[in-house]
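Encoded as structure tokens, here's the structure I'll be asking about.
Order of writing sets the labels: A, B, C, D, E and F. Residues in every chain begin at 1.
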Amino acid sequence: MRLTRRYRFSASHRLHTPALSEEENYLLYGKCNNPYGHGHNYVLDITVEGPVDRHGQVAPRAPLDELVQERVLARLDHRNLNEDVPELAGSVPTTENLASIVHRMLVEHWNLKPRLARLRISETDRNTFEMEASGDGQ
Amino acid sequence: MRLTRRYRFSASHRLHTPALSEEENYLLYGKCNNPYGHGHNYVLDITVEGPVDRHGQVAPRAPLDELVQERVLARLDHRNLNEDVPELAGSVPTTENLASIVHRMLVEHWNLKPRLARLRISETDRNTFEMEASGDGQ
Amino acid sequence: MRLTRRYRFSASHRLHTPALSEEENYLLYGKCNNPYGHGHNYVLDITVEGPVDRHGQVAPRAPLDELVQERVLARLDHRNLNEDVPELAGSVPTTENLASIVHRMLVEHWNLKPRLARLRISETDRNTFEMEASGDGQ
Amino acid sequence: MRLTRRYRFSASHRLHTPALSEEENYLLYGKCNNPYGHGHNYVLDITVEGPVDRHGQVAPRAPLDELVQERVLARLDHRNLNEDVPELAGSVPTTENLASIVHRMLVEHWNLKPRLARLRISETDRNTFEMEASGDGQ
Amino acid sequence: MRLTRRYRFSASHRLHTPALSEEENYLLYGKCNNPYGHGHNYVLDITVEGPVDRHGQVAPRAPLDELVQERVLARLDHRNLNEDVPELAGSVPTTENLASIVHRMLVEHWNLKPRLARLRISETDRNTFEMEASGDGQ
Amino acid sequence: MRLTRRYRFSASHRLHTPALSEEENYLLYGKCNNPYGHGHNYVLDITVEGPVDRHGQVAPRAPLDELVQERVLARLDHRNLNEDVPELAGSVPTTENLASIVHRMLVEHWNLKPRLARLRISETDRNTFEMEASGDGQ
């Protein structure tokens, strides 16, 4: 049984890499390269997977919410991804890199019985990024 | 080819297990343990899978709708899951248990060519439960 | 300037009036008359109206949220509208009557500068009830 | 007849006023006061009103889109509202103030036959700001 | 009290007027002028207004649904608006003209106690047409 | 990492096969068999999969958008699927067959580094068709 629980956060970012020239940055990232940044309402879907326990749940809701709140939302919600998130220092805050960071934030402190199965972040209605979870944290 | 067809139903429930004390019930189920129950607009997504037939369909829509209507919606829509659904007697009507019941309701009478591949129930916009279908009924 | 702020709650109800016979009740309320009740995810939109203050706001968000949480959501969320809400005693818990109750709950304790302008409750995606706010409380 | 046409843009902002102390700013604007800003996917609904012309339209779509694109979206989309929008200089970029600016951007160059009737901006699913249009530009 | 009830229908149309040349038609209607037509999933919102009756309703749901089904949906759903709808003969099937037709279809046979207050049709997520209802039928 | 990017198009179709009698056609396709056709707002979700490159992306957005625009949307948007799409000649324009065509349109000219992983088309909110991508084009 899989449970997907939805969370939301708002953040700003600017896509720019020092590895490329100004022109190349603009060509690659388009409007997302604007110097002062912009922002999004992100949607985060966390999927956990496991057997249904004798109380009828694949995962109690409260510990999952606490983990996501403490490890992820408290660090990303209403933040500037270029300035406020040490885990993203040195990398471009694309939603791909953001998804990897969120994955790491979760697995490092994963203490729930069901495994973390999938992680999905939507930047807008038009762009959704998804990764199967893996690694030691689950 | 997979076709996912969406259905909706409204129902009420109360989460409470006699295996736990009053305090433990409240700790585990939170507001869902309120004595007189509450309710939701559930969204049910049924996914069938198979080859496309010579009329261009993975499954004719009418027999699928009839099966879901007769086996599932007629028994759950505008019902109290604690009182009105014999299949849930003795178990806590969490959406996990509800998904298992709906799966069984469908596979027991499955008479369609494409196999039942997946079943998904959303309790609210924030909670979606999903199970890969399996077993003899498909 | 108008600000509409959206809240959500889940509740159960049964539509039944002692003024009508069993048959008349079923004819009038249909499936909503099922004896053990059913439920919905309600969406509540509160609209306030007034000038924009020197801090750029028609209404600070925190006091509005506190008022709605304390007067409305704490009394309706995860409740049985027939059993748990004294304000609805003696009336059928249709969403029309629910809207009137919510209106009264708000205006009786309205302590915000902008006036309460409109109140909207959706029972499902298909049914939305709306009333212009009025009276002394605003 | 009224036509409401929906546009979208993404932007970042920080809510902070020099008229208040650090503590007062945080108390008033909450997480929106975070020093490096955050962002949103804004939804902009423009409503025009007038008679239906002999070609069956209240307003041809192309000139309306061009006006909104040129006067509004080109200046706000993928921008930082604190840094990139001269019209907001000296005011806090709340969505209330943003709505007033967008209204002014539109009426100053309004050259369409139907009048601008209403303007609505959603910051998130939970917050929608609405103003009836007025003034000489329509 | 106002109740807005949502209905859906799918239809095709081509926007073209014999009053204009081929070039002018294309300039005015754009892709909607493509010779073989295209289509949409329309959303129809019907708003009725009146006092709440002693059974707690502004309008019983069943007679409203029957009226809309019989007068509107049965004539428009899964239809070609250029070919199948006599009321649109001689006019371009824009959504503005469609809204006027639906308004007439409803008021001509209006037999409900609450008045028809508003009618709204969305052609896509981006285009919504709205008219206050008026006339003898209400 | 998977990126799903959402596109939209509007088209009309009629479901009818010469292999069946009039009655059989109507029985099989229901209202979709109406002689003059009807239409939908289709939603197309394209999923690509691959490693994240050193600029933080699984796929640059611009080339993907260009490919989908040129190979798919330019041929389907605001079109009549029975008349305007040579690839569908001789087959019934069900959404199953439409999905296969779109898949072929994409893989034949696929020139992006990440592979095409999945393709999903929704005809309405109630019907979604999905196929895992496969073949030489990826």
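As a convention for this text, a contact is a pair of C-beta atoms (placed from the backbone, for glycine too) under 8 Å apart; a residue touches a chain by one contact, two chains touch by 3 or more.
In this text the structure is predicted, and so the values were computed from the model without any measurement.
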| item | value |
| --- | --- |
| Interchain contact steps from subunit C to subunit F (minimum; 1 if touching) | 2 |
| Labels of chains that are neighbours to subunit B and to subunit E | C, F |
| Subunit E and subunit F, separation of their C-alpha mean positions in angstrom | 28 |
| Contacts with two or more other chains, residues of subunit C listed in rising order | 125 |
| Pairs of chains in contact (touch as defined earlier), listed by label | A-B, A-D, A-F, B-C, B-F, C-D, C-E, D-E, E-F |
| Subunit C partner contacts - residues on subunit B that touch it in the complex | 8, 10-13, 31-32, 34, 36-41, 77-80, 82-84, 124-125 |
| Interface residues, subunit D side, partner subunit C - complex | 15, 17, 19-20, 28, 30, 91-94, 96-97, 99-100, 125-131 |
| Footprint of subunit B on subunit A - complex, ascending | 1-6, 52, 54-58, 60-62 |
